[in-house]
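One structure, as C-alpha cells, below. Some questions next.
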Amino acid sequence: MTRIWNVYLSGEIHTDWRAEIQKGCESAGLPVEFSAPVTDHGASDDCGVAIMGEEPNKFWHDHKGAKLNTIRTRSLLGEADIVVVRFGDKYKQWNAAFDAGYAAALGLPLIVMHGDEHQHALKEVDAAALAVIDTPAQVVQILDYVINGKLPA
Amino acid sequence: MTRIWNVYLSGEIHTDWRAEIQKGCESAGLPVEFSAPVTDHGASDDCGVAIMGEEPNKFWHDHKGAKLNTIRTRSLLGEADIVVVRFGDKYKQWNAAFDAGYAAALGLPLIVMHGDEHQHALKEVDAAALAVIDTPAQVVQILDYVINGKLPA
Amino acid sequence: MTRIWNVYLSGEIHTDWRAEIQKGCESAGLPVEFSAPVTDHGASDDCGVAIMGEEPNKFWHDHKGAKLNTIRTRSLLGEADIVVVRFGDKYKQWNAAFDAGYAAALGLPLIVMHGDEHQHALKEVDAAALAVIDTPAQVVQILDYVINGKLPA
Amino acid sequence: MTRIWNVYLSGEIHTDWRAEIQKGCESAGLPVEFSAPVTDHGASDDCGVAIMGEEPNKFWHDHKGAKLNTIRTRSLLGEADIVVVRFGDKYKQWNAAFDAGYAAALGLPLIVMHGDEHQHALKEVDAAALAVIDTPAQVVQILDYVINGKLPA
Amino acid sequence: MTRIWNVYLSGEIHTDWRAEIQKGCESAGLPVEFSAPVTDHGASDDCGVAIMGEEPNKFWHDHKGAKLNTIRTRSLLGEADIVVVRFGDKYKQWNAAFDAGYAAALGLPLIVMHGDEHQHALKEVDAAALAVIDTPAQVVQILDYVINGKLPA
Amino acid sequence: MTRIWNVYLSGEIHTDWRAEIQKGCESAGLPVEFSAPVTDHGASDDCGVAIMGEEPNKFWHDHKGAKLNTIRTRSLLGEADIVVVRFGDKYKQWNAAFDAGYAAALGLPLIVMHGDEHQHALKEVDAAALAVIDTPAQVVQILDYVINGKLPA
Amino acid sequence: MTRIWNVYLSGEIHTDWRAEIQKGCESAGLPVEFSAPVTDHGASDDCGVAIMGEEPNKFWHDHKGAKLNTIRTRSLLGEADIVVVRFGDKYKQWNAAFDAGYAAALGLPLIVMHGDEHQHALKEVDAAALAVIDTPAQVVQILDYVINGKLPA
Amino acid sequence: MTRIWNVYLSGEIHTDWRAEIQKGCESAGLPVEFSAPVTDHGASDDCGVAIMGEEPNKFWHDHKGAKLNTIRTRSLLGEADIVVVRFGDKYKQWNAAFDAGYAAALGLPLIVMHGDEHQHALKEVDAAALAVIDTPAQVVQILDYVINGKLPA
C-alpha cells in the first residue's frame, strides 16, 4: 500500500502556484494529496455573514468569516505531513505568516516559498523552515526527493 | 505568595509601546513580569554573524541571526501566561504574525494590538485572539481586570 | 481519495436536529460521517444497571450509566474533526456544556447551536466556539463551506 | 519547603461558599492557595465593552467579556492541582459545566459540589469527578485528607 | 464506512475469556477488532533468550523477554479505543495492574474484569475504570451498548 | 540555588522503608523531598465514607476512598522527578503495580524495589524500570549518585 | 483487516541489511511496511544544492541537504510503530544515534542493531532500546514474535 | 525576580569546556544554572554494578550503569531551557548524538559545538541546532545575547 503524503498549501491566493504544484506532482506520479484554505477571496471574506447573518461592523463581519476558515485550517493544516507557505508580491499576508508559526509550533515540516525581495523580512519565518524556495517546480522536486529519493535530472 | 503573571510582548520595535505598558502596570501595582524579543534592531539583525562569523550571502547572515533569536523566543514566549502581539505602521512584520500563530498553536492566551487600518488584513490573527485592542493603556486595563477583576474607572 | 470529515453531534436529544443535519448533508453530497451519544434517553439512563446490576441508590445507578456513556464519548468525540453542541429548550443540559468544555480543552473546532433566548447564559461556551448558529440548515451550510468552499445560494 | 496546593474554585457566584472554604482551610492551617473566576457579576459581564468599547449587539457585548474572562481562566484553572466546581440553585450555570469538561479533558482532579436536587442532571459531570460533595466543610475535609492524610474527627 | 473499534484484552491468560468475548461479539455482529499480549505462557517467558541468546541469570532472561513483549504492548495497547484488563484467580498478575495504570495515564477507557473476591484489593484499579464487571458476557453487552446503544434483552 | 529532587515513594505500607530512605538521604545531605500516598491503612480505606457518607455496599465504600486517594496521587506522583515503587511480602499490591504503569506511561524515571522471590512475577514492571533494587540503602545510593555523581564508598 | 506494522530502518547505508530484513519478512509473510532515509549516499548529500542552488561553503551545502532529509525523517520515523537503528563498521554514524535519541524521546519502541565491538560505546543507546541484536535475521524473528507470537524454530 | 536560565551541557567529558563556559558566564554575570551528566568517566561506567551488584557480562554491567545515568539525564536535560552538545576529538560519542536527538524531539533549543573536522559527519545534528559553534567563548556570547541582547564587543 503506497503511503499518501498530505501537503497543505498555505498563503498567497492570487496566482496559480497551487495548480502548478499539483500538475507537476501528477506528471511525476507522486502519491500526494493537497489541501488548502478556501482560495475564492470573496467567499473567504463573506462566508461568515452569508451563513450566520449580516454584521454592520466590519470587524465582526470579518471575525465570523475568519473563524469559519479556522475550522477548515485546523483540520487540514493540523493533519498535514508537510506545510508549504507561499508569500507573494501583494498584501500583508499576515495569515500566511500566522500559518507558518502555527505549523512550526506543531512541529510540522515547513517549506517556505518566496522571491528574493522578501528575504530579509521573512528571516524569522525562513529560520523555522526545512526548505526555502521560490518556484512551484522546486516544491515538486522536493516532494519527489523526499518521497522517492529522486533528484532532478 | 502573589502569583506573578508572565507577559510576552511580541512585534513592533519602533515605538515605545512596551515601556508604556510596563509603566502603566507599575503605576497600577500589577504583579507582572514582561519579556520580549531583543528590541535593538541592529543587534537582532547581526547577532548571528557577530558571534558565529561573517557570511557573504545575506540569506545565511540573516539565518544565523534569526536562529539565535529563536532560542530566546522559544523559552520566553513558550512559558508566557499571556502573549501580546503588536502590529505597527511600518514593515511587513511577518515575525509578529508568526509569533501569533506559534502562540495560538500552543494554546496561549493571545492579545493582538493594532490600529483600525490593519483590521481586515489581520482578521485571521484577530480571530485567534482573546482580545483585540489598539493602545498600551488597554493592555494595562486588561491585565488589571484579568489579575484583579478591576475595571477602569 | 476523498477525505471524510468526522462530526460529533452532542447535546439535546428531544428534537430531530441530528436527522435534519444528516439529511441536509446527504442532499448536498457532503463527505461527512456523524457520531453522537446514545440518544435513547431511557437506555442512556439505565445502561449501567442493566449490564452491571441494580443499585438501590440513584447516585450509583446514574454513575454506572454515565461512565458507560463516557466510554463512547471519549472515543467518538475525541476523534472528531468538528464537534457540534446543541442546547435546546428544556432541562439543564449540563452534559452538553461539559462536552463543549471537553472539546475546547482538546482544541477541537466547536460549533455551538442554540436559540437567542440562551445567548447570555451561554456566553462562555459561545466564546470558545468557532461558529454559533441556530438551525440545522446552518450547520449543513457551514460544513459545505468548510469542506467545499461553497456558499449558500 | 511545604508544597502549596493550587485549588481553583469554579462555578456559582451568588453565595459565599468560596469564603467558607478559604476560612476553613485557614483554620485547619492547610497550605492551599485559591484562585477563581472574577466573581463580581457586573464586572464579569461588562469587562469587555468597558475596556474595548461598546457594542450595540448583546452577543458581541458578551463575547468580548467572555473572552477576557477566558484569559484568566485558562491560566488559573489550567495550572490548578485541584478544580472544584460548584452548582448552585439558580441559573443555567453552563459555564460551570464547561469548566468541569475543560478540567476533565486536561486530566485535572475534579471535585463537584451540588445539592441532591441536581444529582440526576449532573450525572455526566459527577462521573468525571473524583469526589462529589455538597458543603464547603466537606471540601476542607477533602483537602485536609489529601494533603495531610487527616480524617475529620 | 463502519467504524471499527479496537479493543485490547490484557491480563489473565489461563482461561478462555478472550475467546468468549470474541465469540460473543461475532454473534452480535459487532465491528470490533481485538488485540492482546502473546498468550502462550512459555513463548512469552522465553522469547527474549530464544531470539537474543541465553542468559545464565534469570533476571536478564526475564528482562529480555519482558522487553520484547513491551514492543507489542506499546503499539497495541497504546492504539486501543478500549482496554479490558482481567484479573483471574491465580498468580500475582502485576503485569495486568501495570497495564491498567499505563492505560489510565494515557486516558484510555478502561474496563476491569474480576470476581468479588478481589474487590478490595483492586479498589485503586477499579477507581480508574469506566466499568467493573465479572463475565465475558458483560464485556460483550458493554461493547454492544457503547457501539450500538443496544441494551441486553 | 540547589535543585530539589521530588521523589514519590509508592507501594508497600507495612514496613518502615520510607523512613529508612528519608533518614539515609538526610544523613547524606541530599536535596530531596519525598511524597507518598497516605500510609495510614485505615484512613486510606475509610476516607471516602468518613467525608462523603456511609455506603452499605463495600464496592462503593472502597470506590469513594480510592478516588480521594487518586486526587493525592495524581498531583504528587505526576510531578515527581523519580518514582520508587516497592513491593513487599504481603497482599496483592495491585495498586503498586498500577502506579508503576502510570509512571511508565508518563515517562517518569522508575525505580522498582523488591526481593528476589518476586523477580519473575514482576518482570514486566522491572522491564519498565531504570533501576531494580532491594534495600532502602540502595535507593539512597542511587539518589546520591544521580544527584551528586557520588558512588558508595 | 490485518494490522500493518510500520517499521523504520535507520542508520548504516553501506550494507544490504535493509534488503535482508525485508526479504526475511516477506518469506515469513509478515504484515510489515518499511520506511527508511534516502539510502543513496550521493543523493542524500547533494539533494539540497541540487534543488535549491549551489553553496560555496560546505557547511551550508550540507545544511540544505540535511534539512531536506529531515522532512522525510520527521514523517516516516515519527509515524513508525517500531524504529530499528543499525550501527555498522565505518564512519561516525552520529545521525543514527541522533535518530535513536529522537525515537526514544517520542516513546517509540526501539531496536538497536550492532556488533559486539560497539557494545561499550553504544551503552546509552542500548539502554534506551527494547531489544539489542546483531543480525537482520534476529530483526525478522523479533517482528514475527511481536506480531504473531511465534518463536524461531 | 531575575529569570534563571537552565543550560544542560551534554557530550565530551575529557576537556574542561564546561568549566570554561561556567567561568565565562560568571565573569559576564549571567543568570544561568548549569547541569550535566556525571562527568567522572569511571563512576559513570561503574555506577550500576557498584550499587546494584556485579555482572559477569559486560553488556549488563554497562546496561545497569547507563540506566542509572538515564535517571539523571531525563530530569536535567528534560527541564533545560537550552541544551548544548559538544563533540570532541576522541571516541564515538554516540551518547552525545543521542542526547541531541532526544532534545530535538522535545523541541528544546539546541546548540551544537564541534570543530570543523566533524562538520560533514554532524550535518544531521547541526541541521537540528539553532546554533553551531566551536568554542566555549561563543557559548558564553550566545547566552549573553539570548539573555541580555548584548553582542560581543
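Every chain is named by a letter (A, B, C, D, E, F, G and H) in the order it is written, and numbering of its residues begins at 1.
The working rule: a contact is a pair of C-beta atoms (placed from the backbone, for glycine too) under 8 Å apart; a residue touches a chain by one contact, two chains touch by 3 or more.
As the structure is a computational prediction, the values presented were derived from the model and not from experiment.
Distance between Cα centroids is largest for the pairing of chain A with F.
In this assembly, the chain whose C-alpha centre lies farthest from chain E is B. Where chain G touches chain H, the two copies mostly use the same residue numbers: shared numbers make up over half of all numbers in play.
Separating the CA-averaged centres of chain C and chain G is a span of 43 Å. In terms of their C-alpha centroids, the spacing between chain F and chain G amounts to 37 Å.
Centre-to-centre spacing of chain E and chain H amounts to 41 Å, using the average Cα coordinate of each chain.
Within chain G, the positions touching two or more other chains are listed as 67, 70, 107, 132. Touching chain B in their complex are the following residues of chain A: 58-59, 62-63, 65-67, 69-70, 87, 91-106, 118-128, 132. Remark: chain H residues 4, 33, 35, 38-40, 43-44, 46-47, 50-52, 64, 67-68, 70-72, 74-75 touch chain F in the complex.
Listed in rising order, the residues of chain G touching chain E in the complex are 1, 3, 5, 81-82, 107, 109, 111, 130-133, 138, 141-142, 145-147, 149-152.
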